[in-house]
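In the two complexes that follow, chain A is the common piece, with chain B as its partner first and chain C second.
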Partner chain A sequence: MSMFSFDLHKRKILTVFLLLLFVWSLLGVKWQDGVIHASGVGTASEIFMAMFTPELSANILALAFESSWITLAYATAGMSLALVLGLVFGILASGVLATRKSSRTFLKGSFRGLLGFMRAIHELVWAWLFVASFGLSPYAAIFALAIPYGGILGRIFADMINDVPNEPIQALQAAGASKLQCLFYGYLPSVKNSMISYTMYRYECAIRSSAIMSFVGLGGLGYQIQLSLDDLNYDEVWTFMYFLTIIVVLIDGWSSLLRKRMAK
Partner chain B sequence: MKKRKFNFMWFSFYAFLLLIGASWYFVIGVEKASLTELFSNENMEYASKFFKGLLGVGEEEIAFLNQESWSDAFTLSIETLQMSIMAIGFSTIVMFLTVIPAARNVADGSMTLSKKWYRWFVFGLIRISYIFSRAIPELVWAMIVIFIFKPGILPGAIALALHNFGILGKLCAEVIEDTDSRPIRNLASSGANPAQILMYGVFPTVLPKFLTYILYRWEVIMRTTIVVGFVGAGGLGQQFKLSMSFFHYTEITLLLICYLILVFIADYISEKSRYFVK
Partner chain C sequence: MSKKNIIELNQISKNYERKIALSSLSFVVEKGETIALIGPSGAGKTTLLNMLASNFEPSSGEIFIDGRPLSQLTDRKKRAKKIGIIRQQFDLVGQLAVIHNVLAGRLADWGLGKSLLNLFIPQERQAATQALTRVGLPDKMYERTSNLSGGEQQRVALARLLMQKPEIILADEPVASLDPSRAEDILEMLTKIAKEEQQTVIASLHSVEYARKYFSRLIALKNGELFFDLPADQVTNKQLQELYQLKELK
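On to the complex of A and B.
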């Protein structure tokens, strides 16, 4: 079913409805009291101008490199755990290991629910809960990343496995393969490439999330950005923001190269 | 060619293993983080106290059993919903304004059969703004925006929109790049002007796909509203932080329940509409 089969007037109704929703949301702002600080415009132009004059002194650059590494390390460590979680839970949630229909429904339902809960809560909220209960530790950041990312990866992996065409699997089964053999020789090889590209995309997101972990007191680029903002030192803020952008662009470039190679 | 592909894949694989190893070495070896310390008796006591606090064990006023707190939380939830819709609205508007020149096949003129020297320049400029916008997380944008705007849901929506227009723009520009250019060239060669090409050629083909992406981003925005609230950008997140600082743990439970309900509603709507658009 496509949106094209929509009659023209139905599409118009949908557009009007979405516009009305947007207008309703605008009503939530108290426009009449003024929305900008008294000095807001000046601050905005100061921040904007600082964009062209980032602080490039040696010690700031050294600090930026160090915080970039912390951000990258937390993201990578968290992502490696998330990948394990996602693979295990994803395979279980896809239900391909179940032998009977009833156990399959049970597996699918319970693990999909668990994955849904893991990813429903934002990583920063997880981080906050961990720090509040266990205190400041790099593990708080790593676990806080691993749980929601494991949830997202697991859910997408399960969807991918469920979308594998049936014929090759049936061929394996006819040849006498067990459930586990079907998994390793049938399902996983056919979804491997899409799994790698999706994981790479999430890795890029994990870098950003790891950068904001600083907000609960864990180091990294976000922490430096926050400190510089508190000092009203906008030049430094932009230096760190450029570093974050560079890491994200590098990861993005790597993943698109990988995807191109896999497509060939 | 085959050999090179093989090499690059293995190179990536080993590079990843190295990165993962180095990261864990850094966390465990350099930062001296220890797992056993994390689960020490002292920490377990803190944790159990915290979770008991969340459940309201031994507290006099339990927010999630109190009708007044529920109605306050409901107002905040509506505010958060408004913030998310405003955010996706803003980013959609900016995306629509910029997406056409940001498509590669518009920039090189193959789409409209007309070449202009400045097109590549505009293309580059918009693409750089997209990259920059999505590389900076919402929370950092919120920290900056809060310097300019008064606290409330508007700065939150602007921060969310700043991060999301880059993502939406990139996704939607790729949709335009993937469209079949033949019907559009046909329109161009029969004398349609750029506005007409847009209205009759481009939009009808790409809008359904755009809508799926917009809904998908809306779902993500819903989940992030709580985070931008932390820096004073309104909604459930702002109250969450206040309750956290006052140690009103039962209020936190209530806010988390409302947040989860909102996220699940957004999830459900976006999932259902994705089937619908398919």
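On to the complex of A and C.
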């Protein structure tokens, strides 16, 4: 007990030390000429002024709709695959299906490791790898999203399953439920709602990622933003950015609607 | 021997590191008896129930269920037919509909296919309705379990036991988190059902009053040892006073 409070005390000292270190690091920044490029100020204001005059001509709007659709389609397909991967690997990584302690440790260790590998590599890097191997095909985008997102979902699902209170599970076991029956009657119903709302949140992230990934050349909103930026058409850039925002807001609205329905 | 001994404890001891939780406890339970385990906190009531539930093994001694060692009753499904457990109200899966918590009592008899199908199309609905009617909740069948009150949840747990039909019911503080009238309600229901189904009950209780009122036999534990083991109507107030007395300061 005394050891514990001592450790807590030490951790506070570390926090203060790190804060001081951060403040000290600020002194090293050359505020006059290091932060903003001199001619950058003009460009920046130009870009931000364009915010109020997005390009709304018919062909740009049509292009924005089409690219939004591609971005949404990649994100949805990638996320669906990620959900399957996350569920299967997450349940395995939680170790609740293991019968003995040794197999539980093995299962947890190997699948948590696998999930770690999947999400350690960013979706953009996966995208490069897949574009290099498949070429510019939609599969490249979908797999590039599905792998790291599956890793993230799996990890969080496994943690959620491990946090399920023990009493109801023990009661199911006492009623003669097998490991799989415990999974479907105890663990999964208990975490279902949190799983859905976390997946919805990740779906939102996937849309942003899907837009970014199209910078690689896979089509979609990000690709259009890049093209317009290259042409210095800031008005068009903002049209695409607003479309991206609308999708994200819509998904967010859908997810809160779902959460409200689940709470009933 | 006129009646069958369903539980036999032979010199049971349990140590945690250096602490002795139970020391050489022996008693015999006949089929159909309703037993209340009483005694101050830390006397070993929960330890005893956990050993009977096979949550852990005694450090020494042996438990016999129906004449067979409990340690050999390792098949979870077979054990569930012998021994059922009810605890405080955190026992149910709150997100499931009441009917699924009730039908979870049948999982020992169902394969994976049937138990999965049940989550979509409830199976054996008639039996579930019957069980819920017996505990007085026929209209709550499709409600989410977490929306029920504590007393109602404990009735759902009883309905699950009705579906499970074990020969022995272990009840670990079944009414600890309920107000007095609901507590009596649950205890009355538990002992009535046990009588109707010819089940044996061992329940740990804080309240001596309830123990005397609803159970046929009281087993008192103090400091991990048997303090007395008497029919409920033979327990005197003096014995109870001694049981709960704090250690005198020397």
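By definition in this document, the second predicted complex is superposed on the first by the 226 of 264 C-alpha atoms of A that agree within 3 Å, B and C clash if a C-alpha of one lies under 4 Å from a C-alpha of the other, contacts with A are read in each partner's own complex, and residues count from 1 in each chain.
Just so we're on the same page, a contact is a pair of C-beta atoms (placed from the backbone, for glycine too) under 8 Å apart; a residue touches a chain by one contact, two chains touch by 3 or more.
Quick caveat: nothing in here was measured; it's all calculated off a predicted structure.
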Pick one for A:120: touches chain B only (first), chain C only (second), both, or neither.
first
Of chain B and chain C, the partner touching more residues of chain A is B
| query | Is A:58 contacted by the first partner chain B, the second partner chain C, both or neither? | reply | neither
Open item on the list: Touch test for A:165: chain B only (first), chain C only (second), both, or neither?
Closed with: second
Given the complex, residues on chain C that touch chain A span 53, 55, 76-77, 79-81, 83-85, 87-88, 90-96, 100, 104-105, 107-110, 112, 115-116, 119, 157, 160, 164
Given the complex, residues on chain A that touch chain B span 1-4, 21-22, 24-30, 33-37, 40-41, 43-44, 47, 69-70, 72-74, 76-77, 80, 116, 120-122, 124-125, 128, 132-135, 137-139, 142, 208-209, 211-212, 215, 222, 225-226, 229, 237, 241, 244-245, 248-249, 254, 257-258, 261-262, 264
Seen from chain A, its contact residues with chain C in the complex are 165, 167-168, 170-178, 180-181, 184-186, 189-190, 192-193
Contacts from chain B onto chain A in the complex sit at residues 1, 5, 8-9, 12, 19-20, 22-24, 26-27, 31, 33, 35, 37-38, 43, 46-47, 50-51, 78-79, 81-83, 85-86, 89, 131-132, 134-137, 139-140, 143-144, 147-150, 152-154, 157, 204, 207-208, 211, 223-224, 226-227, 230, 240, 244, 256, 259-260, 263-264, 267, 276-278
